Amino acid sequence: MTHIQSLSHLHGIIPPVVTPLTPEYGVDEASLRRVIQHLLSGGVHGLFLLGSTSEVVFMNRETRREVLRIALDEVAGRVPVLAGVIDPATDRVIEHAQDALAAGADGLVVTAPFYTRTSQAEIIEHFRAVRQAVPLPIMAYDIPVCVQVKLERTTLRQMRREGLIEGLKDSSGDDTNFRLLAQECQDDAEFRLFTGSELMVDTALMIGAHGCVPGLGNVDPAAYVALYDAARREDWRSARQIQERLIRLFAVALQGTPRTSAGASGVGGFKTALKVMGLITHHHMNRPNLPLNSEETGRVAVILKAEGV
Amino acid sequence: MTHIQSLSHLHGIIPPVVTPLTPEYGVDEASLRRVIQHLLSGGVHGLFLLGSTSEVVFMNRETRREVLRIALDEVAGRVPVLAGVIDPATDRVIEHAQDALAAGADGLVVTAPFYTRTSQAEIIEHFRAVRQAVPLPIMAYDIPVCVQVKLERTTLRQMRREGLIEGLKDSSGDDTNFRLLAQECQDDAEFRLFTGSELMVDTALMIGAHGCVPGLGNVDPAAYVALYDAARREDWRSARQIQERLIRLFAVALQGTPRTSAGASGVGGFKTALKVMGLITHHHMNRPNLPLNSEETGRVAVILKAEGV
Amino acid sequence: MTHIQSLSHLHGIIPPVVTPLTPEYGVDEASLRRVIQHLLSGGVHGLFLLGSTSEVVFMNRETRREVLRIALDEVAGRVPVLAGVIDPATDRVIEHAQDALAAGADGLVVTAPFYTRTSQAEIIEHFRAVRQAVPLPIMAYDIPVCVQVKLERTTLRQMRREGLIEGLKDSSGDDTNFRLLAQECQDDAEFRLFTGSELMVDTALMIGAHGCVPGLGNVDPAAYVALYDAARREDWRSARQIQERLIRLFAVALQGTPRTSAGASGVGGFKTALKVMGLITHHHMNRPNLPLNSEETGRVAVILKAEGV
Amino acid sequence: MTHIQSLSHLHGIIPPVVTPLTPEYGVDEASLRRVIQHLLSGGVHGLFLLGSTSEVVFMNRETRREVLRIALDEVAGRVPVLAGVIDPATDRVIEHAQDALAAGADGLVVTAPFYTRTSQAEIIEHFRAVRQAVPLPIMAYDIPVCVQVKLERTTLRQMRREGLIEGLKDSSGDDTNFRLLAQECQDDAEFRLFTGSELMVDTALMIGAHGCVPGLGNVDPAAYVALYDAARREDWRSARQIQERLIRLFAVALQGTPRTSAGASGVGGFKTALKVMGLITHHHMNRPNLPLNSEETGRVAVILKAEGV
């Protein structure tokens, strides 16, 4: 196995890029390229393709490869690109990881297995198998709301000790646990901690996070970058002010419920905002997610205007 | 769209067939054929391939096609064959459904989407899309432990009204709700109700189920068939006696925990029993599930002997 | 400590008696006496006072004593009377148990502690303390929906071995687990198993329950008694027919939601039915439960009429 | 009704005071007085008696009155005293509230009802009834881990609008939701927000909390006060440093599990620390909570020494 690079260069704002679709549910390449340019112009420090926000589990292997091909071509090495390799079990994850390696991704984002319920010992086995199969750095992705199991602190500790993972993306919403992790990892300069709690970025950075993976970063990447910069210079008043505006802007993600699922309201809200902003052509998600209707779209437009986007 | 056949001929014991593996995690064709012969010899009324017990979510599209090819060839039309088409979202499910149609399956078994959280309205949208895409009868599969959402009674009612589903496999463990469903469907001769509560088959049949999908049926299909026959002649004392023996036999599924997950203990226990019985060559599951160790395997052998298998 | 009587004489239908209230939230003695006469006339085999259906946790010590005084006086020894002693922790439970002993109850019904989260070892400690303090037989009450913890099978096994409990009331809704318990206790003639799954009484009796504690038994005790009698003579067709009518009648418990909580809809529905039947004067529950409004009351009356009550 | 005072003077560190016990499970008055002196010497800004940490639900009405009598006497008006009035339902809560008023408490802390499951509308009804019955300011206590229901943001908004509550103690662990609340309440100078997330006090204060209710404050009140002071002068580096030491010290609360419940480990750990520090005579909790054993006590002593307590 070739040498696994660390992720120790990773930091800052790494949005999970949405996947614009054609009416036939194919990848809308032109729109995806515009979104990526929008993010790079906003100053983001990396991109996360094929995450939950990308609707990754809706895509088969071919579509995922296409997304990576377009994204890596458009980024052209300007920032690191992480690729989610999310599917229910080990060997299917390894297939996606091999595709990500072939496409030129800089790192993998790996969840626990799902559908089947898995023990913490089996989760470690899963990461061992991916590590052994594909020489790319791995960010563990803790997202119990989707996979029904938490990556426990003892599990992460064991995986760090074995050298199975180089970082963590924490979308568990358990900020206290995230802090305990950050405190535990303080002496490990190589291990990278990213939060998915996009409404708590200032506090996450204050307690030791290296960055954030904000879905709302698709809509206003520059604001998240400004928040990160304020935090780096320990200007917490400014950081909080920016975060509070982003909380107001996050209302774009809440207009679909309860008519739609929270997921369809959230990712669908980001897509709707990007359409209102003229960046993507269609705002629908993959089936069976219900798209925002015209009334909900109108509310998204009002929120964007109110926050100056 | 061609005419969708009903499932109204389905009844009785329809085991979810395990998938024996080679050491390289490929399908062990000879072992799979032996398991199917064992089930047919036991008198089962149908087979369910590519269900949770088949480790379906661990398999990519090619492996799933291979399983169906082998199974349908081995069955040779003697009993109906249902094919699970289980993956996180609609279009991937439709791909599997098209494969099942091409392979010659008699019906589909469809869960709610998973990983992403989906509303009941979006679940109905999901079934609508599968129905429209593939002309095969559909059995809805209620398995909240895996997909995190219940197929609510109102949802099932709506789907029955729209003609989107022809039956239900209930693996929710909520037997009271199952009974309310059965009572609600009493006048609908076409709609088929199967329980996955394999330790409650006598009572399920008493309250209106048309059959059962027992994982333990891989190990002792004839006993489940005898239980079904006793229930059909309303000989509840015999039915209960057989069920109580099967409960004791079910201990083969409980030997791995807490070292393994419950799933690895259960399906792994069935596989281990089949290996002890000389029907399959290897007892391991797909990665990352931990296989039963030699001590646990010894306990499985003791249980089999005690129950005369 | 005096000798603890067994509960081995307990069987059949033991309704959890509602507590009719005055407008000032006191016990409406005349109405309570009428309800008890109605139950005894229906042929019930025992009464359970101060259970969840009695709104026990809404009452202080004095009110509970008053309920027991009235009930024991009205019953006058004709059937056994169980007293719930339900409060968050051990010493308060013991106070209620002493009151129940003084009042003349025949047995106690004891839940796990609640509010505070308690380990299975601490739950056993709790039952040990109650056992030691008060010489009355104890029925363990498994009701995780209220106390957030299940009485695990290993816990119940340990408590049976130590002689801490004489029976179980299972309101967990986990009918498979109840069956495994029943099978485990088959050789223990003294241990009594009652189900709270009042829509599954025929099947519960078929698999080994000694009786049921049905809230709906307040409304139609004679039907539950007839169901029990049918089950005793193994006339399962009749048992099922009676159960299916009771399922239709159970709709009286579902008219308040989602305006009210399920609890207020259920116990409030029983009370409303009893008021419509002329047995109690007021149908409201203790605060803060919302009472059924006039439209919901109208629907309850329609259901009663449809089922001939 | 007399005028309800606001809680607008409340701020800072308000520990939930433990209740030291005698061997016979009575209140150990001398020890309780020493704990209170220890807290006042540490500079705390208020005291919360009869909270979860006080083992309130284990105590009957008389014992609760005794705790309040001792505490209010010992405090002698030097800081505000809040009294928890925690029991399953409205009228019992009102009884405790009347006792708290009679004892001279400065405010009430009120949870949602528990044991019975209650709708958000019924929760509002509950607070309305308490408000109407007792003229003391009310802090709503959001503790879903104990009462199984969250005080939703819409519920809190409605209760603020109606003037039913003057503040919130948030022990839900959902820090994102707490932040959204804080942002929503920014213009309401009267409404007081306290966090129970005692390992996240610096960040909670940064995003708008007025103070914290830390169980660990029993052990090291001065450190929490120093943390609060650092936050007030926006010295976040110092605040974080103090918080990180307190996280290490919090290990005293984790030594009992999994032998004991988490609750017994936590409150039992605080009590054990106080005993090691010579402040209280006995470290056991009320029944059925298991006390820390000598090995666990030894570990607590080591932790205290390591952190200089």
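Letters are used for the chains, namely A, B, C and D, taken in the order the chains are written, and counting of residues starts over at 1 for each.
Following the convention adopted for this analysis, contacts are C-beta pairs under 8 Å (C-beta built on N, C-alpha and C of every residue); 3 or more make two chains touch, one makes a residue touch a chain.
Because the structure is predicted, anything quoted here is derived from the model rather than measured.
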| item | value |
| --- | --- |
| Chains in simultaneous contact with chain B and chain C | none |
| Same-residue or different-residue interface between chain C and chain D, half as cut-off | same |
| Where chain C and chain D are represented by their mean Cα positions, the distance between them in whole Å | 35 |
| Euclidean distance of C-alpha centroids - chain A vs chain C, Å | 50 |
| Shared-contact residues (touching 2 or more other chains) in chain A | none |
| Touch-based graph of the chains, sorted into line, ring, star, complete or other | ring |
| Partner chain B, residues of chain A touching it in the complex | 25, 52, 55, 57-61, 86-92, 95, 113-119, 121-123, 125-126, 128-129, 145-148, 258-264, 286-290 |
| In the complex with chain D, residue positions of chain A that touch it | 173-176, 179-180, 183, 197, 199-200, 202-203, 206-207, 234, 236-237, 240, 244, 247 |
